[in-house]
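Common to both upcoming complexes is chain A, partnered first by chain B, then by chain C.
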Partner chain A sequence: MPRSGWWMAGVASLVTVVVVASLFSGEVAVSPGEAWRSLVGGVAGSEAGSTAEAVFRAIRLPRILGALLAGAVLGMAGAALQGLYRTRMADPFLLGVSSAAGFGAALAVVVSPVGVSSGVTALLAAAAGVAVALGTRAIARSAGDPGAFVLGGVALALTLLAWTVILIFVADSPRLPTFAYFVFGGLGGLTWSVVFWALPGALVGMALLLVSGRDLDVLALGETAATRVGVPVPRVAAVVLVGVGVGVGASVALAGVIGFVGLLAPAAMRPLVGPGHRALLPASAVGGAGMLVAADLIARSVAGPVEIPVGIVTAAVGGPLLVAVVVRRTVGLR
Partner chain B sequence: MRLLLAAAVLTVIAVSCGGSGDAGPTESPSDADSTFVGADGIESVVTDTSRVITLSGDLTEFVYALGRGASVVAVDVTTVHPAEATELPVVGVGRFLSAEAVLSHEPSLVIGDTQTAPLEAIAQIRATGVPVVILEVPTSFAALYAKIDDLGRLLGEAEPASDLRDRIRTDVEREQARVTTAGLRIAYLYTRGPDVNLLFGAGMVTNPLIEAAGGVDAGADAGIEGSVPVTAEALVAAAPDVIIVPSVGFEAFDGIEGLLAIPGVAQTPAGRSGSILAYPEGDFLTFGPRVAETLHALITDLAD
Partner chain C sequence: MSVVADSISVVAGGVAILKEVSFTAERGAVVAIAGPNGAGKSTLLRALAGDLVPDAGVVAIGDHDLSGMATNERAAARAMLGQFERHDIPFSVREVVAMGRYARRNRSTAQRDAAAVDAAVRLLDLGDVADRSFATLSGGEQQRTHVARVLAQEATVLLLDEPTGSLDVGHQRLVMTALRGLAAEGRTVVVVLHDLNLAAAFADTLVILSRGDVVARGAPAAALDEGLLSAVYEYPIRVVAHPIHRGPFVVPVDSEHDRSG
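On to the complex of A and B.
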């Protein structure tokens, strides 16, 4: 096994540990036996025998599965955007894609005030995500340098967040606290129905990114060089950006707007598996999944029984890291 | 930036504590003893009321007043009365619920109201098989009496509920007979300090209280639905003769002098005459079994 293989085995084990810790953490104590009976009973379709079994099956499992999915999409989307735009500072949140999907999700809550309409939420989040993801290419082509490009994205993200908040103020919906999930990120409301509706988008999004791996490697040479060796750059960009939009839309439907996972996951994985996208994309998915489950564990442990929005946790950790990335670039320590 | 947004959204959530529709929960005709259709239209099958969690202070007070305090296993943070209830475990904030925090107390029945949120948490609790019954937040005395009857049916305490309802009605009517200051414009200004100032209007529990005390709800009269972050001009336009604030805000501002510093307050008739009343929010904003006492204090103070 190559060295990167050993590294990935290590990362996968670490993620497994975090997932198991997360499955057994919460206000309701669940024993391994109860978890097992809950799983077996769930497969057999029988009623849960105890509160712990019911909580494990109806709350913990969809929550952690949702965190894994959302984190995987964000990690992979970050790696793909960084490859496409050739800057380590690209991230679905910083470029406005997450905020767009959050606006779409909030809009879905406004138009369907009663009942939990996970399907509408996932659809509108994905539509808004794709629209703005494709729009980032226009910003990239106009911006002179990566700094201006990311700044343009951040401006777009803040604008969309502002419009989401305006929507919240105007809507006066009984579902207002639901908005908080979409604005700050949170996995506290996940049910199987949400996971069910978000799963197709997450899988399609990641598939579109994975098939673009080889082209993204060639794009590292620059768009002109890539075109010269026969890579259809506009088409590759479109596939990647649609993949990012659809995937991030699903992640927002699952967990709301969560920043910095797309920044941190590739940054952590690149030293382990190298810059090649066929390894980096799946590795970033694994890393992002683990990070989001860990952030969620922190979010619901520190202030219990009240949960901190998970997006606040990732921002608290990811913000300083972005500063570090910027400083290293500027000071030239790389 | 995110902290600012957090503050904005929390404000929004506070603002959302307005009223909603009037349709009270109704009993399903099919299975009168165990099936209950809540204000959210969801039918719950309630077979066991031995372990109850209440998600709002008034609900806690009513369950105790119906003689079922012993069945309450946990409450939400807005419960301030009776004293035994404040000793119980707190599951967090009913307006921002965590499903697991509720389920950790193994409830057989969770009672919330239309302000209980987020709906996702309610869905999660229901997914584990625990019934969550949502009741209307009453914004009139008629709705309050209907809610008492609903709770009585829900808990299998119909007769104590009917007694409690009649007693409250009698007490309220007795208090209303004492009113000597009809027609005063009264505004409820929810303040906890310089950063939070909400003017309450129609659809808030303060509205029937003010009207029962013979006053005109200045907020509702100025067209305010629910509660809105107050602007100086809106306050002046509402022109209240009396302003009521929560005690915590009164103390945060060091009394009337400090409250006059809120933009607009000094320019209202209430500000000019210093007619500012303060009541603990756990009493004044809990439209519960102690409502006649609250009304008594308000009518007495208005007469002074």
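On to the complex of A and C.
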């Protein structure tokens, strides 16, 4: 096994430990036996035998599965955007894609007459995510340098966030989540229905990114030189950005708007597996999944029964990293 | 295959960069393009590569109009080294050279790709740095890596914009000798050069551009005319016999700084 393979085995083991720790942490104590009975019972379709079993099956499992999925998508989307735009500052949150998906999700609640389905939310979140993801290419082409590009994305993100908050206040709907969900994310109350509806988007999004691995490698030459060696750059960019939009739409349907995972996961994985996207994309997915589960575990552990929004935890770590990236002037890919 | 530009014009920002320029490079030939800054050399090369579509006129490789070719067809027909290639590519030298194989990924085997990459790495004297990170190399090593990537593409027409710009005298000769060898194997080589003596030593044909027009075209001995060069470069230039091979040798007349006087 190559060195990067051993590293990934180590990362996967670490993620497994975090997942297991998360599954057994919380207000209601769940024993391994209860967890096992809950799982077996869930597969068989029988009622939960105890409160612990019910909590494990209806609350813990969808929450942690949702965190894994959302984190995987965000990590992989960050790596893909960084490859496409050749800057380590690219991230679905910083470029406005997450906020767009958040706006789509809020709009889904407002426009649907009663009891919006998780499907409509996931669909509108993905549609808005795709629209803005495709739009980032226009910003990139006119911005010229990576700093101006990311600043343009941040401006777009803040604008979309503002409109989401306006929408929340104007609609004044009891069915809308609080605006903190759209600013800092939230995994509390995640149901199997939401996971079910978000799963296809997350898988399709990640599949579109995974098939673009080699193209993203060659894009390191720059778009002009990549075109000269035969890369159909507009088509590759469209596939990647649709993948990012659909995937991030699913992640927002699952967990709200969460920043910095797309920045942190590739930054952590690149030294372990190298810059090649065929390894970096899946590695960033594993890293992002583990990071979001860990962040969620911290978010619901540090302040007792009160949960800190999970995006606060990711921002507390990711914000300084972004500052470090800017200060070290490692704006371009090294 | 030959590459032909038929009366092409390029206008940018209201300024005519190329004025009805016609250009031909035949199979097996090395054609050098020279001229002062802003003459339109890089624009001509980019038009030949299909990077830009001329405002008038047609570019063809072999019998095919370049504008009608798909991206991968173009990549198989011509390879291009730009004047400004990136220096911050986070891959190894060998990986960067292998990127030249992109267009052949479905029609080539892994062994064939590896052989082409190895050959290009050896030809450009990159064996010692092949596994190093490209971003850590010197400017000259990076330039040779980009040239190797262009050669690994195995296109029939090679277009290179100042491939020797960052290279020491030995490696300048190495690159030009490699290009001559490829021309001898039947490739078509078009190279923009500032060094007129390098062009005189290695090109079959020299094309001199000035303000978007072709002002001289022919064998170097014929194209390198003292009066023409002095007018085009707006600097006194002499063409003398090379002390060793007696071919044309271009010497700027630096009278004001002449230390012998």
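To be clear about the criterion, the second predicted complex is superposed on the first by the 319 of 334 C-alpha atoms of A that agree within 3 Å, B and C clash if a C-alpha of one lies under 4 Å from a C-alpha of the other, contacts with A are read in each partner's own complex, and residues count from 1 in each chain.
Rule of thumb we're sticking to: a residue touches a chain if its C-beta (ideal position, glycine included) is under 8 Å from a C-beta of that chain, and two chains touch if they have at least 3 such contacts.
Owing to the predicted nature of the structure, the values given are computational and were not obtained by experimental measurement.
Of the two partners, chain B and chain C, it is B that touches more residues of chain A. By the touch criterion defined above, A:306 lies against chain B but remains apart from chain C after alignment on the C-alpha atoms of chain A. In the overlay built on the shared chain, the residue A:221 is in contact with chain C alone; chain B does not reach it. In the superposed pair of complexes, A:276 makes contact with chain C only, with no contact to chain B. Once chain A of one complex is fitted onto chain A of the other, the partner contacts of A:229 are limited to chain C, with no touch recorded for chain B. Once the two complexes are laid over each other on the shared chain, residue contacts for A:191 go to chain B alone; chain C is not touched.
No residue of chain A is contacted both by chain B in one complex and by chain C in the other. For chain B in complex with chain A, the touching residues are 1-2, 5-6, 8-9, 12-13, 16, 18, 20, 40-41, 91-93, 95-96, 98-101, 103-104, 106, 114-115, 117-121, 123-124, 127-130, 226.
Partner chain C is touched in their complex by these residues of chain A: 86, 214, 217-218, 220-222, 224-232, 275-276, 332-334.
By the touch rule above, chain A contacts chain B in their complex via residues 26-29, 47-48, 51, 54-55, 57-59, 114-116, 158, 161, 165, 168-169, 172-181, 183-184, 188-192, 194, 300, 304-307, 309, 311-312, 315. Within the complex formed with chain A, the chain C residues making contact are 49, 51, 71-72, 74-76, 79-80, 82, 85-86, 88-91, 95-96, 99-100, 102-103, 105, 135, 149, 153.
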